[in-house]
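For reference, chains read A, B, C and D in written order, and residue numbers begin at 1 within each chain.
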Amino acid sequence: MDQSTGGKSHRVLNYVETSIRVRYADTDTMGVVYYGTYPIYFEVGRAEYMRSKGFPYKKFEETGFHLVVVHLEAKYYNTAAYDDLLTVRTSIAELKSRGLIFHYEIFRDGVLIVEGKTKHICTNSDKKTVVIPASLFETLKDVKPR
Amino acid sequence: MDQSTGGKSHRVLNYVETSIRVRYADTDTMGVVYYGTYPIYFEVGRAEYMRSKGFPYKKFEETGFHLVVVHLEAKYYNTAAYDDLLTVRTSIAELKSRGLIFHYEIFRDGVLIVEGKTKHICTNSDKKTVVIPASLFETLKDVKPR
Amino acid sequence: MDQSTGGKSHRVLNYVETSIRVRYADTDTMGVVYYGTYPIYFEVGRAEYMRSKGFPYKKFEETGFHLVVVHLEAKYYNTAAYDDLLTVRTSIAELKSRGLIFHYEIFRDGVLIVEGKTKHICTNSDKKTVVIPASLFETLKDVKPR
Amino acid sequence: MDQSTGGKSHRVLNYVETSIRVRYADTDTMGVVYYGTYPIYFEVGRAEYMRSKGFPYKKFEETGFHLVVVHLEAKYYNTAAYDDLLTVRTSIAELKSRGLIFHYEIFRDGVLIVEGKTKHICTNSDKKTVVIPASLFETLKDVKPR
């Protein structure tokens, strides 16, 4: 069991894909997308994941809760360049009562560029770690218990 | 008279210089500093200007006020590259009761790279335009009325 | 006559609109889009303008030419926030033999947030200012001489 | 043995500290430093590490080589805010013939904010993975074999 998110976990099987066009601002002097740009693409991926489930992250925050990032990981397999049209495939790798892990794969024309994960805990308006509100949990849980 | 800041104006004669090392993240695929990075360097310039006057912008914000940017201008004369050590020379081009204009010149080894200006209005915690609090105004006003 | 772009000018009458979703990364601690993010949105606007004319900027660069930014201006009328869906309306304000000016208006639900301009000169692979290649000039010139 | 960097490894025992002042641009609408900003701080950390060893990364690149990031990890323990003065403590966690791992700890007043690692492989001007040139290897190896 993963101690940091705690509790019984589910494995989500589906994913959501989002397109991102690489901007000049995203690149660096090596002529490729800067390694620190990908966490921004991950953010876009999870935002669109939640939107597609009918629960935009903004709406979630308006209830006073946040999904705070506690861990980030990225593996770089290939480079992307200016104006590339990338696909971010986002899924939930783990869903627990107090946190979750988003998983990302970024492709260009079917070629894997970067793979990553972000682990989040749920906090309330007092910045305390809390159980994910049922409304969000049920939305994200279109899953099978493992 | 500049209508948007209003009132009697002063011209500040001195300036403050700050060093900025160009990061990889600041550059783009042309091998130079991205044009949109310079407004960030301007921000550093005015923050250090205020700190050097003994009134850090953060301290100013803690009183509930903001200096909101209403206008930005930048002229690009030369390019800068990764790891360049730049100097941002910041001064106040205009100081009025409700707003001010910061002026920036960014050099590398005495060569002018970019020149710019930002115009700010003072807002209170209700986001209303207000007169700049006397504490800040007096700090910034080491100037001669023109 | 504008000396920096030189020659006879045309005024382009049409515009191209592009949608941009505000990312968390685009915002700052005031809870709004950071003022230095808008030049990035301008970049997206002009990239999509050129793409819509059938001449993507990347394709243009592959011929060895660049449209280098020499001047930037932005006026801030309203703020935008996380997850806002913005519209960037891009047009060519001026087209001359050696340069051009893009004009941008950024709206949210019809409300003007930011207006801006970027002036560009055309450079070749030796970084010399040159006349805009006819292929691009004719593409952009769907205009009336003024 | 770590397959991706290959060969005999060394453990470097010392570290280099660098100060970074948090910019407005680095923060987000939660009022803290955006999670995707930290990889930029890591970049600053390793650049200053190499500079302090007398071998600036820019100088290394001028020889045609690069230290390409293949893996990134960050753990977020606390938040940082606008104008905080952070310390990035950078060390080499592993040094092998074809790659290395930088390790970072970011503190504010002695409190750990973020910890991270980046794994790099050495590539030549043909973008092929190669053995780290002896000049750099010897510079970085102020270490004990483990």
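Just so we're on the same page, a contact is a pair of C-beta atoms (placed from the backbone, for glycine too) under 8 Å apart; a residue touches a chain by one contact, two chains touch by 3 or more.
These numbers come from a predicted model, not from an experiment.
*Asks:* Taking mean CA positions as centres, which chain lies farthest from chain C?
*Replies:* D
*Asks:* Considering B-D alongside A-D, which chain pair is linked by more C-beta pairs in contact?
*Replies:* Greater number of contacting C-beta pairs: A-D.
*Asks:* How many Å are there between the centre of chain B and the centre of chain D, using C-alpha atoms for each centre?
*Replies:* 31
*Asks:* Where the centres are mean C-alpha positions, what is the separation of chain A from chain B, in Å?
*Replies:* Taking the average C-alpha coordinate of chain A and of chain B, the gap between them is 36 Å.
*Asks:* Could you tell me the distance, in whole angstrom, between the mean C-alpha positions of chain A and chain D?
*Replies:* Result: the chain centres lie 24 Å from each other.
*Asks:* When you check chain A against every other chain, which residues touch at least two of them?
*Replies:* 24-25, 36, 40, 43, 82
*Asks:* Which residues of chain D touch chain B in their complex?
*Replies:* 21, 23-25, 40, 43-44, 47, 56-58, 61, 82-83
*Asks:* For chain A, which residues count as touching chain B in their complex?
*Replies:* 24-25, 27-29, 31-32, 34, 36, 81-82
*Asks:* Once bound in the complex, which stretches of chain D touch chain A?
*Replies:* Of all residues in chain D, those touching chain A are 30, 35-37, 39-40, 43, 66, 68-76, 118.
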